[in-house]
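What follows is chain A paired twice: with chain B in the first complex and chain C in the second.
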Partner chain A sequence: MVSPVLLLAVPLGLALCVPLVGRVSRRAAGFVPVIASLFNLVVSIRLLPTVLEEPIVANLGGFPPPFGITLFAGPVGMLLSALIALAGLVVSLYALSYIKTGPTVRYHTLYMLLLVGATGVVLTGDVFNLFVFFEILCISSYALVAYVGDRAGIEASVKYLIQGALGSALLLIGIGLLYGLFGTLNMADIAARIDSVDSVPVFVAMALIVVGLGVEAAIFPLNAWLPDAHSSAPSSISAILSGIAIQVGLYAVVRMVFTVFGASSVLLFFVFLGLLTLLIGELCAFAQNNIKRMLAYSSIGQMGLIMFALAIATTGSVTGGLFQMVSHTLSKALLFLAVGYMVYRSGSLEISSLEGMGRRMPLTSFAFTIGVFSLVGLPPFIGFPSKLLIVRSALAEQGVLLQVLIGLVLLATVIEGAYFFRVIQTVYFKKEEGQEARQDAPPMALLSMFVFVAFIVVIGVYPNLITDVLESGASELLERANYIGSVLG
Partner chain B sequence: MSFLHDYVYYIGAFGLVAIGLLIILVKRNLIKLIIGLSILDTGVNMFLISVGYIRRGTAPIFSRPGLEPDGMVDPVPQALVLTAIVIGVAILALALALAVRFYKTYGTLDLRKAKELRW
Partner chain C sequence: MRATVGLILLAVIGVGVGISLLAIPFGAPKTEIGDYYIENAREDTGATNVVTSVVVGYRAFDTLGEVTVLFVAALGLGAVLATAGGKRGRSGVEPASLILSAGNIFLFPLILLFGAYIFTHGHLTPGGGFQGGAVIASAFLLVYLSSPGKRINESGASLTESVSGLVFVAIGLLGLTHGTHYFLANFLPKGALNTLFSAGIIPVIYCAIGLKVGSELAGVVDNLMEETE
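Let's turn to the complex of A and B:
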């Protein structure tokens, strides 16, 4: 059987080979991430059926838990790792034609390190190891945001770095507190003994860890860096940051709160925080004239929605939240990829400059439209079953409070629809004087966009393809005892 | 005085963390901010070390006779700090490289002068 360790070891090794390959041929360096992501995708999908029956626990260095570092490959970890590999594969294909100028070899190295960091966070079962992978993810994304080296990129990167470094310091203090309290770093071991100590220091540790991880997860008061970073990065990086990086941050928060701390009493707070993040993200997106900033704010909103769904903590809503994660990765990455070439052709980030793109770049505009329809939640695209599941499971809960909150969620979706359809209208129905020649994105970029389109439509029509994985993922997150049992045996 | 005696390392560690946080919140010069980050990191590392520290403790080498486990310093936080220092250096190096680019682009290190991006 293939070990989940390979999901980290192979891409990490290949990432360090990229500079060597780049010495031989700069063009060949771009293919290394493609190979690594393809490998990860195949391994993750092959492991998925095994993991659905029983999670795989791999002990690094042969030390049994709780002493060594464990990798925990459960349904959630494998689902997210497959999602990271898929998005990584498609975006690295896109980058083959999109990233041409600048230090391209370093771009590919950092890009792969970012993917390794993200995969590590979703697979690890050790708190300090989580911190290390989290830092790999963050440091490579700080550098990649400044890749273009223009004024906006450098400013965004500096802001992101300072806020991110502050967050990691808080996270590390939280981890130190946990170690001081429990004398162990293994998540399952901490989870098993969480009730054995005084609850005040545990709460302080949880607050520090949630705030530290929340910076990357773009939870409401901590997300000031996100619109700048996501709009100034090259579009391929924006796609990965929006589609993967922030969701990995959110996953880490959820894993800590659900599994390690088992803190069901603070979940209502997270429901409100998620709703607040959702409303603020969508309202800010509504006010934007810059297309990439609009997409970035919309990502904040989506993170809020996912957090809202996860924090309700019923099987249905957690399934919906995980489904929304998949849906957001596919749709938002597609939107950033399409916008990347639209902006490249029009030469401006203003929404008004996209007038007439429907004629000039018909295929790219078509892919963009599919992404918008899916994100807003129209059938038959993937956003529809995921949002429907969230709304249905929230309505199934008793209580007026939740019914009011779900009303606000639907209001946010209406706002989302309003600003996205404004862009669609600009792209298709505002006629420009003087027809310009048709000039679509290059074939490789179109291919990568249409891979996402295919996934969005196929999963949208047949949501049953992945509901098994999502449901067992939900039960993995909700049932701590099983997690503890499968690690400690 | 025994309180001070027992907790002096924690007080020192959180003192450094507080100084670092204060610098980051108050200063607007990029180099000073980076110095603040560095002090903050040092405070966090010192906190991690103090979690496992025992006064007059020895290294945890079990092959030497006459050493008791309760007199030994916990080695795990020290290993963690080693990793954390390396990560801290990486962030510091990246931050300084960005500071150089920032200065070349804007001609100043004052973050308030950079106003390309607004809400």
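Let's turn to the complex of A and C:
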């Protein structure tokens, strides 16, 4: 049997090889992330059928839990690691033509380590190990945001660094408190003992951990860094930060709250927080003139929606939340990739400068349009079944409160549609004075965009392809007794 | 207004952490896991230093992650400085005094030797790869302070960094294929307690970490020194 630790060890080893490959050929260094992501994608997909029957628990170093470190590869972990590998693969293909200047070898190394960090967070079963991989993820993001080296990039990176470091510090204090209270770092072991101590210290630890992780997960009001960071980073990095990094942060929050703390009493608070994040994100996005900032705010809104769905905590809504994660990764990464070249050709981030792009870059504009339709939730794209599932499962719940809240969610979707269609209108239907020559994105970039388009359409038409994984993922998150049982035996 | 809000938040966090700390019994008998480590560490890992047996034995995977965190930080610093400022020379720096430059000639090899001692004996005495690496980097810092014209061999440092990192990962993967089939399993013979060649993979990993941390921190010093003017 293939061990899930290969998903971390092999890319990490390859990341260390990038500087060595870079000595031989700078161009070849860009292919290492492609190979590593492809490896992870194949292994994740190969392991998926196994983990659907029973999660794989890997004891590292051969020490049984709780004495050593455990990796827990369940349906959620495998789904997210496959998603990280897929997005990582496509974006690294895009970067082959997009990242030309600057210290490219360092870029590819940091990029790979970012993916290793994200994969580690979704696979680990140990709270301190979670912190370590979270740091790898965050620190490589700080550096990559500043990659362009302009004033805006450095400023955004420093903002991100300060807020992220503060979040990490709170997270570490929270983990320290947990270790003090329970004398163990294994997630399942803590979960099994959570009722054995007074609830006030446990609540404090949970609050610190949620706030610490919430900075990366872009939960309101901890997301002030995000619009700057996501809009100043190179577009390939914006795609990974929006599509992967913040969702991994949200996954970590959910894993801690659902599995480790089993805190069902605070979920209503998270429902409201999610809704607030959604509304604020979409309203701010509506007011933007800068296309990348608009996409960044839209990511905040989407995180709010996912959090809203997950916090309702029924099988249907958690399935919908996970589905929305997949849908957001594919759609938002596609949008950032398409915008990357549109902005490059027009030379400006203003939405108004995208006039006439429909003729100048027809294929890129087409890919952009598919991304928009999917994100807004139009059939037959992946955003439609995922949003439909969230709305349906929320309506299935009894109670007027949730019905009102779901009305607000639909309102947010309308706002989302409004600002996105404004962009589509600018791209296709605004008049253009000087007719410019047709000049689309390079073939490799187009190929990577259309891989996303293919996934968006195929899963949109056949959502049953992934619903099995999503449903068992939902039950993994909701049934913590099974999680504890499968780790501690 | 902002200061008040900040102070209130700080007070809330302080009180919360304070209350939680009161619930944790200090000085009470160790936890179950702590007891287990103290009882079984020598037998499980072959290391006499229990701290090392936790850091490179029971929780070796965290250590691999921490080494990576340092790698990411050093690499990120290099990338940001390279794009933001470009490399600048250190021509304007005044030469150091005779005492510093003469002392450096004697001390440099001794500090390197001491650093190497610390990381090769990590499983026997206090210290280990991170500490030894930091000592080694301090030797390079001394060179930078004493002779402004000298620089480390950047490509050699990055080669050491990558290769020693790869050694760590490779040892982990060998554990997966040899003997017990666990990643980072101690597949080498554990030897006799309290001897230099004991504890299986632990000294090998610590040597790799020592070299890696040493070259990384020296690289960080190098990067920052260029930016001082």
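One rule holds in what follows: the second predicted complex is superposed on the first by the 489 of 489 C-alpha atoms of A that agree within 3 Å, B and C clash if a C-alpha of one lies under 4 Å from a C-alpha of the other, contacts with A are read in each partner's own complex, and residues count from 1 in each chain.
Keep in mind that, in the parts below, a contact is a pair of C-beta atoms (placed from the backbone, for glycine too) under 8 Å apart; a residue touches a chain by one contact, two chains touch by 3 or more.
Predicted, not measured: the structure shown is a model, and the values here were computed from it.
Touch criterion met: A:G180 reaches chain B and chain C at once. Using the contact criterion defined above for the overlaid structures, shared-chain residue A:C284 touches chain B, although it does not reach chain C. In the superposition on chain A, contact of A:D198 is made with chain C only, not with chain B. In the superposition on chain A, contact is made by A:S157 with both chain B and chain C.
Touch criterion met: A:I139 reaches chain B and chain C at once. By the touch criterion defined above, A:A169 lies against chain B but remains apart from chain C after alignment on the C-alpha atoms of chain A. Residue by residue along chain A, chain B and chain C are tallied for touches, and C comes out ahead. In the superposition on chain A, contact of A:L38 is made with neither chain B nor chain C. In the superposition on chain A, contact of A:D228 is made with chain B only, not with chain C. The interface of chain A with chain B overlaps its interface with chain C at residues 128, 132, 135, 139, 142-143, 146, 149, 154, 157, 173, 180, 183. Note for the complex: chain B touches chain A at residues 17, 20-21, 24, 30, 33, 37, 40-41, 44, 47-48, 51, 74, 76-77, 80, 83-84, 87, 90-91, 94-95, 98-99, 101-102, 105-106, 111, 114, 116-117, 119. By the touch criterion stated above, chain A contacts chain B in their complex at residues 128, 132, 135, 139, 142-143, 146, 149, 151-152, 154-159, 161-162, 165-166, 168-169, 172-173, 175-176, 179-180, 183, 185, 227-228, 231-232, 284.
Those residues of chain C whose C-beta lies close enough to touch chain A in the complex are 13, 16-17, 19-21, 23-24, 30-34, 36-37, 44, 57-62, 64-66, 68-69, 71-73, 75-80, 82-84, 155, 158-159, 161-163, 165-166, 169-170, 172-173, 175-176, 180, 182-186. Residues of chain A that touch chain C in their complex: 3, 5-6, 9, 12-13, 16-17, 19-20, 23, 58-63, 66-69, 102-103, 106-107, 109-110, 113, 116, 120, 126, 128-129, 132-133, 135-136, 139-140, 142-144, 146-149, 154, 157, 170, 173, 177, 180-184, 197-198, 200-201, 204-205, 207-208.
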